[in-house]
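Labels A, B, C and D are assigned to the chains in the order they are written; within every chain, residues are numbered from 1.
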Amino acid sequence: MIFTRLLICCLLIFLTTVIPKSVAGEEDEADIIRIVSLYRTQTLDPIKSVFTGSIEAFGQLYTRLLRLDENDELIPGLALRWEISADATDYTFFLRKAKFSDGSPITADDVAFTLLRMRDDPEAAYSETVEDMQNAWAIDDHTLRVRFNSANIPFLQGVETAFLGIVSRADVERRGSVDAFSDIPVSSGPYQVVEWRRNDRLILEPNPHYWRAGYPLNDGAELIEVVDVNTRIAMLQAGEVDAVRYIQNSHFAELSEDPDVVLPVEPAMRVSVLLLNHDRPPFSDKRVREAAALALDMDRITKAMLRGRGRTANTLLPEQLEFYDPDFPGWEYNPDRARQLIEEAGATGADVTINITAPDSDWEMAALIVQSYWGAIGLNVIIQKMDQALYEQRLEDGDYDSSIEWWYNDSKEPDLAVRWALCGSCGNRAYYTNYQNDRVDELVEMGTAEMDPDRRREIYREIQALAFRDVAQIPLYYFPWPNAYSTGIEGLRLRPSTQWTLEEARRVP
Amino acid sequence: MSEPLLKVCNLDVSFRSRGGETHAVRNVSFDVGVGEIIGIVGESGSGKSVSCRAILGLLPESASVSGRIEYSDQNLLGLDTEGLRRIRGRDVSMVFQNPASHLDPLMAIGAQVSEPLIHHQDASPTQALDAAIERLREVQLEHPEQRVNSYPHELSGGMKQRVMIAAAIACGPGLLLADEPTTALDVTVQARILELLKSLNEQHYLSVVLVSHDLAVVAQVCDRVLVMRHGEIVESGDTKQVIYSPQHPYTQQLIESQPSRMTIRPPVATDTDTLLDVSNIDVEFASPGGGTMRALNDVSLILRQGESLGVVGESGSGKSTLARVVMGLVKPKSGDVKLRGQSILQKRNRLDLSVCRKVQMVFQNPYDSLNPRYSVYETIAEPLERHKLVPATKLDERVAELMGLVELDSSLASRKPAQLSGGQCQRVGIARALAMDPELLIADEITSALDVTIQAQIIALLNRLREERGLSVIFISHDLTLVRSFCDQVVVFQSGRIVESGAVSGVLEQPQKSYTQELLLSVPTL
Amino acid sequence: MFLKVGKRLGHILPVLLGISIVSFGLIQLTPGDPARMILGNKASVEAVEAVRERMGLNEPVLQQYGNYMLNLVQGDLGESLRYQQPVSELIMQFLPVTGFLALYVIVLTVPLTILLGILAARNRGRWIDQLIRMTSVLGMTMPVFWLAMLMLRIFSVELGWFPVSGFGTGFVGHLHHLFLPAVSVSIYLIPVLVRNLRAALLEEMNADYVVASRSKGLPEGYIFRRHILKNASLPTLNLFGVLITWLIGGTVIVELVYAIPGLGTLMFNAILGRDYSVIQGLTLFYAFSTVIITLVTDMLSALIDPRIEL
Amino acid sequence: MIARWPKSLRFGAGIVLLWLIAAVLAPWLTPADPYAIDLDNTLRPPGGDWLMGTDHVGRDVFTRVVFAARIDIWMGVMGVLAPLLIGVTIGLFAGYFGGLFDSVMMRIVDITLAFPFLILVLAIVAMLGPGITNFIIALALVAWVSYARLIRADVMVVKNAEYVQAARTLGFSSPLIIFKHVLPNTISPIIVYAMTDMVLVVLAGASLGFIGLGVQPPTAEWGAMIADGQAYITEAWWVSFFPGLAAVSFGIGLSLIGDGLARMLRIGDT
C-alpha cells in the first residue's frame, strides 16, 4: 500500500519533468544572438574597467568617433571626417547627426565630455590615451576640437577603443557618475540594455536610434557568463548559445569534428608571455633570465598549446601591431647554453615559482611544460595555482618569481603596448616585472611624438630588440581568439581588439 | 477441573546465533485453566519470558520453537502469521515489564487502547475510543476522558502499566500473559497493579499467567506456581504447597533467599562515636521545564561508627541524592555534612582524597558502574595505582587480596564487565570501593538489579565486611524487608523529606506515619 | 509556543553577530583587492586608490565594521562593491533559483528515500538490501562535478532531453531546466538519507512497543506505517534538516556545472571578485536560513514527537 | 581476530590495504615517472606501453593513479585526524564540564555550522593560499565542529554513567577521568564517523580541485586528475575514468570499513 503510493509519487515526479519537453517545445525564436563567456561584465561605465568581459559589453553599448572595417582598418564612425594639425597636437572631428538611445541628439559636447571625463575621473581605469590632452571642446554641435600638450600620434587609434565610447553628458550629470551606469545606461551604440542580471547575463536589444541605419541585423543579444569551460561547450553543442568565448586546448579536437561548430582562426592582438620578476633572484640576474628563455623549445610549446592555430612569438609585441618586427630572430632552443648560464650565475637548484590563475587548464598545461624544460636546466620549479584576485595581488606586490600571462592591446597602435608592457617608468613597472631600461623609456616617449612613420618604425624596432635582449619577458606565442561558433549564425566574429561584430551577426536563413 | 484453556506441551525454544544454537527453553509443559492465575517464577535467563512469548509467537526470527501450544483446542504453533494475529489481543493478550518502552511514545494512549478494537472488532475510531475510555476506567485510571489524549511520557509508571493492561483487555481476551508487569514499579504501585490483575481475574473470569522473578509477588496472587531454572521447570504445583514444602533444592534456595527469610544477624554497633553528621541539607535541581525542583528538603541524620543505616523510600524520594551529597558529587544549596566533626563539603570539582579514602560508594547498576573497557584487575588496581596506596611491587598482591575479600575467583581478573554476571560485577564494585580502605560505605540500591539468590549472597558479603572490618554502611533500598534484616537504624524518605527515622525495630515494627505503614503493607512477603 | 519560537530567534542574535565578525575578519585577512578586480590589471594605481577610497576600503578596519553594523541594524545589507547594487536585491535575484532547486531536490529525495529505506530495511541482508547499500556507497563516493558533467554530456548534449544550463521560464520550464541539477544533488543526498532511515527503521523494528503492538494482534503493515515509520522518521528528519541547510549553501559545484544563476554562483563570484559586502550579506543570509531551517525541523519534530519541547 | 570481523569490514579493509600497499610501493609498481611529461605521446589510449593511457601532457595515467594514492591517503588521514583531535578534545571538555566553556564552544560551533562548509573552506584557502596543507588547515578549522558535537552528546550521557561517578568518588583528577574513562567509551561512533568523513574529505579535495584551488600541479591526486581529465572526456575518456575509479574504490573501501566497524561496535545497526 505504502509502496504503491510511493511508486506513484516517483512516477508522477518523473512525468512532470519529462513532459515539459514535449509540451513546452522550443522556446520563442526571435533572432537573438547568444554568446557565452568566461568573462564577466563588471561595469557598464566604459572608463571604469579594462577587464575583457566589460570591454566586450562597452563596445555594444557605446559608439566611438571612429570604427573599424572588416579588415580592421580605421573608418569613419560617429565622426564623418577629421583633420589633424601639422604638429599633431590639434584634432578636429566633424560629427554626423546621431541620437542616443533615449532619443536625444549626440553632440560634440557629449564627445568632449566623454574625453574629459576619462582624463579627469580619478577612477578611470586606463586613461593613457588622453593623459596628455590639454582640452577638448565643442566648436559647434557637430564639430569637436581636441588639443594635446605635445604631438600625439597614437590618439587616432585610441579614440576607436571601447573605453572612449560616447556617453550622454546630460544623463551622467543628471543621474551621477555611478547611477548613470547601473542597470540601464543611455547608450549610443548598436544595443541598449534590457536587463543586466549581474553575475549571470547582460540582455541587450537593438538601440532604435543607432546611427548605422539597418543595424543591428538581429533582434537582440545576450552575453552570458559561465565559469566552467565544459558547460560552455555543452551549451554550444546543445544549441543553447551561438558562440562560445574562450574554449581551451582540451576541446579543439572534439569541436573540430563537430559539423555544427566552426572554429575559425581569429587573430588577436595579444601575446602570451612568461613574466619574470627582475627584482628578485634568481631572475634579477640577466643570465638566468636568458637561460630560462634558451631552455624553452618554443616551437614545441606552441605546437602543444595551440595545435597549429598560432605562431611562436619572436618579439615581445603582438604580431598584429603596427611596427611589429617580423624579421626578428626570436629565441633559439639551446638547453646546453642555458645550463651553462645557470651554472655561471650559480643558480643551479634554485627554487622558482610559476604563478598561474585557476581554474585554467591551458595555463596549467603551459606551466607543466615550462616546468619540465626548466627542470632540465637545473631550476627547481614550483607551480602555484591561485584564484585571480590573489594572483593579481601577488603580481602587483611583486611577490612572485615568474608568471604565465597573456596581454593584449586595444588597438594596432604600439604606443599603448610598450607603455604598458615594457616601459619601467610608465606606472605599471613594465607589467609588474620591474624591468627598467632607461633607453627603452626614452624611446617610448619618442615614439608617442614621432610623426614620421619610418622613424617610428625604427624606434619600435629598437624597443623590441632592447627589451628582447634584456629578457624583459619571455614571449611564448601569438594565439588567436579561441572562440567557437555555431554554423547557424553568420557575421559574428571577435576583432583583434576584443570587440564583437555583433551588430552584423544574424541567423543563417 | 474442566478442560484447560491453554495447554503447553513439551515446549522447546532455541536461538540460532553466529556461535551456534542456544537452548533457552527445554521440554516445558503446563496448562492454564479457565479463570486461573498461574505464576511462573525464575531468575534471569531461566526461560520464563521466552516461554511466555512463545505462546503468542512473539519471539524473534532467530528462534525455533517446537512442541505444542493449544489454546481452546487450537494449536497456536501451527498457525500462520494471520491466524496468530487473530488470536493475539482478541483471545490471548500480553502485558510487558517496562511500560515506558512498550507503549509507542508518539501515539496518544487512547488510540493505543483503541487499536485492538479497531482491528479485531471493526469498530469505528470513535466507537473504539469510547470503549477505550471504558477500559481505562476499568483499570482505574483516573479521569480517562481527559487522559485519552495524553501521551505515554506524561504518565507515571503505574499509569502506563494500567494503560497497557487496558489495551490488553480491550477485546475481552480469555487469557492474559503478564510478563514481569510490576518489576519496574515502586512497591506501593506494584501492590495496586497486582490488586487490579486479581480483580480483573475475578470480574471477567480472566485467566492470567504471571511471570515474575519475585516469588513473593507470585505467591500473593497465584493459584499455582511453576518454578523455572535454566529453561526447565524444576517444580510446579499449588502455591501454598510449593512455598511451604518445596521439593526441589533450587526452590528451597529461592525461598531462603527471600529477604524476609534471610537469616542474617547484623553485628551490633558497639562504638557510639558519631561518624557522619548530616544537617539541614537542601538540594535543588533545575527542572527541565524551567524553574527548580527541590530534591532534598531540610534533611538531617546521624550515623554512628560501625552502624548500618537503612534509607528507604520510593523512586524519586531523594535517597540517591542524599548519597551523592555525602559523596560530594552533588553540591547542596545549604546545610552541612560532617565526618567525625569535620565538614567534608567539596568546593572543587575534584574530590578531596582524604575524604574519599574515608567514604566510598557502591552503585546500583552492576554493569553501568564499571568501565566496560577495563578488566577486573584494572578496575581494582586503578585507585591503588593512582593514589599510590600500595607500592608497585605489592600491587598484584593487594588486588588479589581485595578480590579474595569480595569472594571473587582470581581467574576472573582479566575479564571485562561484559563477560561477568551481575553479581560478579557488583563484587568488583565493592572491591574497588574497599581498595580505598574506607570507614563508611554507601550502598545505593546495590541489589535491586540482581536476582534474589545473588542478592542474598551480596548482603551476606556486606554483613561479613561489617563484622570483620567494622565498616559503617549507609544502605539505600526500596525494599523494606531487606533493610529490616540488615540495618540497625532506618530513615524513611518521602518527596525529599525524612518522614520517619529511628531504630529498625521501632520504625518497621510499629510505624508511626501512614506512609511508612503503606510502604510496609505493600511489600509482598511469603 | 510563540514565546519559545521567539526565544529561539533571540538566541540567534549572538550567533549572527559572531558570524558577522568572523566573516568580516576572514575577508580582511584574504588577500586580493576588490578595486583591482573591477578595474583590471592595466588600471593605474591611482585609479585603484580612488575606487578604494570611494568604497571606504581605506578606512580603519574597525570603522568599516562599525559602519557595516550600523547599516545592518537599520536592515541594510549594504551595496555590492562591484555592481553598486543593494546586496539584498542581488540575493533576491538569485534566491528563487536556489530555493526552487532546494524544493525540487526535496520533492525528488523524500519519496525515493522512504521507498528505498523501507525496501532495504524490510529485506535486510537480502540481495535488494545489498544492492541498495552498494549503490548508495557509489552515489556517495562519486565526485559531484564529475557525475554532473557526465549527465550533462549524456542527457543534454547527446540525447537532448534536458537543457544544459539556466533556470528556464515558467514553472514547467523551471522543472525542466533544474531536473538534472536536482538529480545530481539527490544522487548524493539519497544515499546518506537512506542509510540513516534504514538504520532507524531497523532499530525501531526491534523496539519493545513493536512487540507490544504485535501482541495486540495488529497487522504488520499497520504496525510498520503507524508505529515504526513514524518513530524512525525522527532522526532522518533531523538529518534532512541538516542536509537542507547544506543544500542552500552547498550547491555551488552543481550550480557552476549547470550554469544555474543561484546563490552558490553568486557566492562563488563574490569570493572570486572579493565583493566584500556580498560575501558578508550572503553569509549572514545563510546563517539566518540555517537557523530558520533548524527551527522548522525542530517544530516538525515537536509536531511528530510530543516529548520534544522547542 | 580478523575471522570475527564482519564481512564488510574485511572487504573494506582489504581494499584500503591494497591502496596502502600501492602507495608505499608506488615507485616499484609503476613503469614511469609520475611527473615526466612527454609531448610526443599525449592522450594515448590504454594498452601497449601505457596500461591506462597517457594524459594531455603525455604523463602515464597508471603511474599517476598509483602515486596519487599517497597524496589522497595522506589527505584523507590528515584531513580527518586534525579536526578529529581538535573536535574530540573540545567536545570532551565542553561536555564534561559544561558551564561557560561549554556555552562559548557551542556558540562557536553554531557559528561554524551556519557557515556553508565549502564556502568557508574556499575563503580560508583563498586567505592562506592554495595547496594541500592549507586545505587541511581549512578543513581542521571547519570540520572539528562535527566531531565536537558528536562526542559532546555522548559525553553528556557517559559523564552521568555510574562508572564515571565512581571514578569521581575515587578522587581521580578530571583529566584522568576524561581521558581514561570518558574518552574510551565515547570514541567508537567517532571512529565510524571518521571513516565516512574521510570519503568526504577526499571528495571535498576533488571539488576544490574542480574550482582550481585543490592540490597544486603537477601533484598526482585523484580529484585533480578527474578535474583535469574531464575536459578530454570525449577525446580521451581514460584520463578521468581511471582516477575516478580509484577514488570510488577507495571511497567504497572506507565506507565498508565504516559499516563494518559500526556493526562490530554495535553503533546503530547498519
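The criterion applied here is as follows: a contact is a pair of C-beta atoms (placed from the backbone, for glycine too) under 8 Å apart; a residue touches a chain by one contact, two chains touch by 3 or more.
Bear in mind that the values here come from a model prediction, so they are computed numbers and not experimental data.
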item	value
Of B-D and C-D, whichever chain pair has more C-beta contact pairs	C-D
Centre distance in Å when subunit B and subunit D are each reduced to the mean of their C-alpha atoms	47
Gap in Å, rounded to a whole number, between the CA centres of subunit D and subunit C	22
Approximate Å spacing (C-alpha centroids) for the pair subunit A, subunit D	42
Between subunit B and subunit A, distance of the C-alpha-averaged centres to the nearest whole Å	84
Where subunit A touches two or more other chains at once, by residue number	230, 387, 389-390
Subunit C: positions in contact with at least two other chains	31-32, 149, 153, 256, 268, 271
Shared-contact residues (touching 2 or more other chains) in subunit D	126, 210-211, 227, 230, 233-234
Contact pairs between chains, per stated definition	A-C, A-D, B-C, B-D, C-D
Subunit B residues within the subunit C interface of the complex	53, 56, 58, 81, 85-90, 93-94, 96, 98, 101-107, 115-116, 119-120, 151, 153-154, 164, 167-168, 170-171, 288-289
Subunit D residues within the subunit C interface of the complex	107-108, 110-111, 113-119, 122-124, 126-127, 199, 203, 206-207, 210-211, 223, 226-227, 230, 233-234, 240, 244, 247-248, 250-252, 255-256, 259, 268-270
Subunit D residues within the subunit B interface of the complex	97, 161-163, 165-174, 176, 180-181, 184-185
Subunit D contact footprint on subunit A (complex, rising order)	229-230, 248-251, 253-254, 300, 303-304, 358-361, 364-365, 367-369, 371-372, 382-387, 389-390
Residues of subunit D that touch subunit A when the two form their complex	36-37, 39, 42, 56-57, 126, 129-131, 210-213, 216-218, 227-228, 230-235
